[in-house]
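Shared between the two complexes below is chain A, which pairs with chain B and chain C, respectively.
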Partner chain A sequence: MKRQHVLAVLGAVIAAAAAAPLLPSYPLTLLTQAVIIAILAMSLDLLLGYTGLSSLGHAAYFGVSAYAVGILATEHQAGFVVCAVAGVALAALTAALFGLLAIRAVGTYFLMITLALGMVVWGLAFRWVSMTKGDNGIAGIPRPELGLPWSLWAPLPFFYFALGGLLLAWALLAVLVRSPFGLTLKGVRESETRMRALGYNVWLHKYLAFVLAGTFAGFAGVFWAYYNGFVSPVDVQLVTSVETLLMVALGGPGTLAGPVLGAAVIVFLKNFVSVYTKRWLLILGAVYIGVILFAPKGIFGALRGRQR
Partner chain B sequence: MTAEFWISQTFNGLSYGALLFLLASGLSLIFGVMRVVNLAHGSYFMLGGYVGLSVVWRTGSYTLALVCGALALALIGVGMQRLFLQRIPGQTLGQVLMTIGFALIFQDLALLIWGGDPYTIPVPEPLQGVITMGGLRFPRYRIFIIVVAIVVGALLWLALDRTRTGAVIRAAVDDAEMAGGVGIHVPRVSLAVFALGAALAALGGVIGGGFLGVYPGADFEVLPYAFVVVIVGGLGSLPGAVVGSMLVGLLDNFGKALFPELSYFTLFAPMALILALRPTGLFGRV
Partner chain C sequence: MTKLRARVAALLTLAALVLPALLPPATQAQSGPIKIGMLAPLTGPFAQIGKDMVSGTELYLDEIGRQMGGRKVELIVEDDEGNPATALNKSRKLVEQDRVAVLTGGLLANVGYALQPYIDGQRVPATYPVMAADDITQRKPAKYIVRTGWATSQPMHPFAEWVAKNTRHRKIAFIGMDYAFGYETLGGFQAVFEKEGGQIVQKIWTPLNTNDFAPFLAQVKRDADAVLALFVGRLALQFMKQYEESGLKGKLPLYGGGTLTDESVLPNMGNEAIGAITALHYSQALDNPANQKFSKAFEAKFGKISSYYSEACYTNARWIAEAVKAVNGKVEDKDAFLAALKKVEIKDTARGPLSIDKWGNPVQNIYVRKVERVGGKLQNTVIATIPAVSQFWKFNPDEYMKLPLYSRDYPPCKAC
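Up next is the complex of A and B:
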């Protein structure tokens, strides 16, 4: 992705932030949703785009964190800091454990083992009723009290709160992917054998990328729990993981602005189409197939192809 | 925990494993030949059940339902492979996204055509009721499932191991490039295997419709099971599919009976462990 594209997406985010006070509440909630899901998509891109590992279970870390926030905030009335730290830490721990099992596998097997590990989390969310309330999910998660003059129960302050989260994650990830560590990840993506021959510990780099991606997904999960006020097995199911993959593929893997764009497109598409027709799954399915057939390099890739 | 509990739970587990075998053997073959991670495989199961249901409603024939369900899904499978998946060979991520796209479309179409109510496929008279043996009751339909799985398994084994076509398929599984090099038309083999895999899943769907029922969401409910079987057994391995489906059927059944809260965990955790220790599954080769 070219610099101008990155600037275009960043510009769109700033424009959205500036326009937010003028928006009615429904588009504003959608925008908030897009912002939070964008963090999730970016975190997956660290694996898919930068390290070349396609995970089919990324919703697990997102969901583990959202569940931690939900349970702590409702059953134990924990405050924001406790919930956020616990959510992110639990996501990081889960990723650290799952990474030990998954990183050995390559290609199709990596896809499958991450799918299976994601299903472990889904299974627990669905069946461990005494902890997760099963299919009913955890409802009534209160918005956090940060001691600010604005209540986060109102859509606009919460939007800026989530936007702050997105910009923080974006900045941290931008530093990360430009660091020597990030460059090594790109090297691993291009050729593992070459990096190994150069003396890099490939396993460790992949493992750390896996854990970091899980941690950032957990960061997104914290906002998601507060945004919805509700966590259920839907948040950790396979379709959620695959949808995140689609966002990254659509926006263009290996860029941070791409997943933000992809997340925004899919969130708005899903919600707008479902307003006009009950057949939105049909359309979403067609989008999956269309993206792969006609824009395998993402939106910007397709645009660039058109220009030539 | 009496002896009856163990015997009847083992029987239930084995019969569920038999159903899983029908579903997963096709997935394993498709995987083996094309390396396609087919997330629409559960949809074949569900759609097969729905087609079977409509056929039983129209004609009253259970046998015809089995045949039509399998044929209809073989056609759909061929269409998917021929028109779509063949265009993106070797792109694992692309295949994942494309097949999930199809799964979503199938889910919505099924909802559009058959509505959201759950149905059970009526089973012919001789398959109803139970057989009592030594004070234990065994539902006839579950025995029927086990018999069908054994017959299908034996036929598959004979076809793969004893015929020329089988040798061609095995060659394509082992090394598609070399198979192409010695004059095997691999795309045609892929197409045939895809049709067979989809038909087997649909057969499972019609049979499963007799006791699990046919309902929206069945597709994504059975899909993880099929994956677990294939992962545990090893990609493209028929003995692996047999052992894997029995193992998964038993694990799932005992997990649900003994630790209801952790039942999915008792299924997926051993699988994650097997994969971590033997990344290619019990019978798989690299």
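Up next is the complex of A and C:
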């Protein structure tokens, strides 16, 4: 990835951070949402863009973590650290378990099995009423107390809090995809057989990528639970997984800036277009089709491709 | 060139992110219009119901010339997709950007629960015309929410007593949708029915995405005296058809929660629905002047008959208008406006007289309705009226709320 593109997107993020205090509270909360969803989209991109595995169950890890935070914060009044660690750990554990089942499959079969596993988590969220409160969801999750002078109940400090999360995830993932491990993942994406012939343990690399992607999705889930103050089966349903997949595809798979861009575009399209027309789904659909036809590598990929 | 492109890209991204700041700033209206923010599912599987909700509201606003307490009224409708996270987002838009004086609408229970902390946190008066989850006005009441609709178990308590006293049916099998609305419907019925000497002999829970009820209907105990069912929308249509096809209709009389034969689905049913007895706080066939006026006007304007959803939002709009009148249009004084919303009492709504209890839920008539064909059309003929029913029925509110919320396993099925 060329340096100036990364700088451009990073610049936009910093500009957004600088502009944040000037924004009214509603656009600011949307920006916060875009930031959190961007973490989720980036985590999925580790699978889709870097390893070449398209998962249809990514909301599961996101949701498991959000539920863990929700239950711990409301029923056990747990603090931020406990909630965050438990959320991320549980997401990683779920991904570790599901990975064992899913990584054996490839292509469409991988798609189907991740879809099925995602539905299992949805089913649990929906039916394990004593734990998850079923379709009523868990309400009243308090914002974390970090002992800072700014209350995270206010939109601006919470935005910076989420932005910090995004930058942390971004930095970690950037290191990861540039490491020898990350390069091997790209190799697996390009040709599994060749990597196997070269003596790499392809299964293990795919498995680790799967678990790591789930872990980062869990990280996003922690912020999501605090942001909405509410978790329900809707957060783990198929639509959420598909939407995340679309964000990655729209923004540009195989890059880290792409999913961030995709998440921002979709969150804003959804929330602004729907204010003006009931037919906003039609417009969103047209955008998807347009991107697939004219920019198969996503918005970010198209910007890059132009310059070559 | 490369650099230029990169800069353009950066600028575009920046513009996309900063654009919202350029939107018209929120106005602190003092003498401008009174803004009412409404959430309804306008896309997705509940879009038809969402439309009914908006239509009901529009109809009332048109009737009063879009004026409340001497001020103009502006209705801002947002699509919540029946999704709690979207509903939260749209509420933020309505409350923080549009600065609405009152937030209203919403269909699904989880939306109701999700909005509760936000509404109380923002201290914005809100009304729930449709969302019926019991605990919104029971064990977890919110200070700023006034329910102008109903609590799920509210019609079922008196309905159970009516069935126990007026029929010889003592053993009833239940079949219904596997979610909180189903649990609270059956729970309310069972709690009272078993007190009156009846028994629930079976609970069959069907997944929300069921397409074929035959395997479930095959399980229904044939030695029961009657069946109680709870379905909504498309599932109600499907269930009714299959209840007849399975041969159960002739053998076991059918009772149901009000949505089973609600007018939003009734026109699409055939003879299979005739004879079903359900309970709700409204029927399109109610014979009072206010309902005559409302249902005629609704049908004339929207070309379909009024359902409980449209009536709920029509009366809800009237409720808000009464409260605005009580504070002389000064809705900016939130606490006074909220107090006024909690004091509204209307003697002649389309669903009968309405008042409110101290937990924020209406006290209203419950109607036992029987599906009949009148003048070629199916309707919910009212066969009994139980006046002034509270959400706690004849129970003591404090003791009632010490019991668990009705759920899949509560009350337990002793006779199953």
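Brief remarks on what is shown
Please note the rule applied: the second predicted complex is superposed on the first by the 298 of 308 C-alpha atoms of A that agree within 3 Å, B and C clash if a C-alpha of one lies under 4 Å from a C-alpha of the other, contacts with A are read in each partner's own complex, and residues count from 1 in each chain.
What we mean here is this: a contact is a pair of C-beta atoms (placed from the backbone, for glycine too) under 8 Å apart; a residue touches a chain by one contact, two chains touch by 3 or more.
Quick caveat, the model's predicted, so the values are computed rather than measured.
Aligning the shared chain A places chain B and chain C in steric conflict. Within the superposed three-chain model, A:N228 lies in touch with chain C and out of touch with chain B [touch as defined at top]. By the touch criterion stated above, A:V64 is placed in contact with neither chain B nor chain C.
When the two complexes are overlaid on their common chain A, residue A:T29 makes contact with chain C while staying clear of chain B. Looking at the shared chain after the overlay, A:Q4 reaches chain C, while chain B stays out of its contact range.
Of the two partner chains placed by the overlay, neither chain B nor chain C lies in contact with A:L256. Within the superposed three-chain model, A:L56 lies in touch with chain B and out of touch with chain C [touch as defined at top]. After overlaying the two complexes on the shared chain, residue contacts for A:V129 are found with chain B and with chain C alike.
Once chain A of one complex is fitted onto chain A of the other, the partner contacts of A:A19 are limited to chain C, with no touch recorded for chain B. Of the two partner chains placed by the overlay, only chain B lies in contact with A:A116; chain C stays clear of it. Mapped onto the common chain A, chain B and chain C collide along 112-120, the only clashing stretch among 112-120, 166-174 or 238-246. 126-127, 129, 281 are the residues of chain A that lie in the contact sets of both chain B and chain C, per the superposition on chain A.
Residues of chain A that touch chain C in their complex: 4-5, 7-9, 11-12, 15-16, 19, 22-27, 29-31, 33, 126-127, 129, 134-137, 139-140, 153, 228-230, 232, 234-235, 261, 264-265, 268, 271-272, 274-275, 278, 280-281, 303, 306-307. Residue ranges on chain C touching chain A, taken from their complex, read 2-3, 5-7, 9-10, 13-14, 16-21, 23, 25-26, 42-43, 78-79, 83-85, 88-90, 92-93, 96-97, 109-110, 113-114, 116-118, 121, 133, 178-180, 407-408.
Chain contact summary for the complex, chain A toward chain B: residues 48, 54, 56, 100-102, 104-105, 107-109, 111-113, 115-117, 119-120, 122-124, 126-130, 237-239, 242, 245-246, 249, 279, 281-282, 284-289, 291-293, 296. Partner chain A is touched in their complex by these residues of chain B: 31, 35, 37, 39, 84, 87-88, 91-94, 96-98, 100-105, 107-109, 111-112, 220, 223-224, 227-228, 230-231, 235, 260-265, 267-269, 271-273, 275-276, 279-280.
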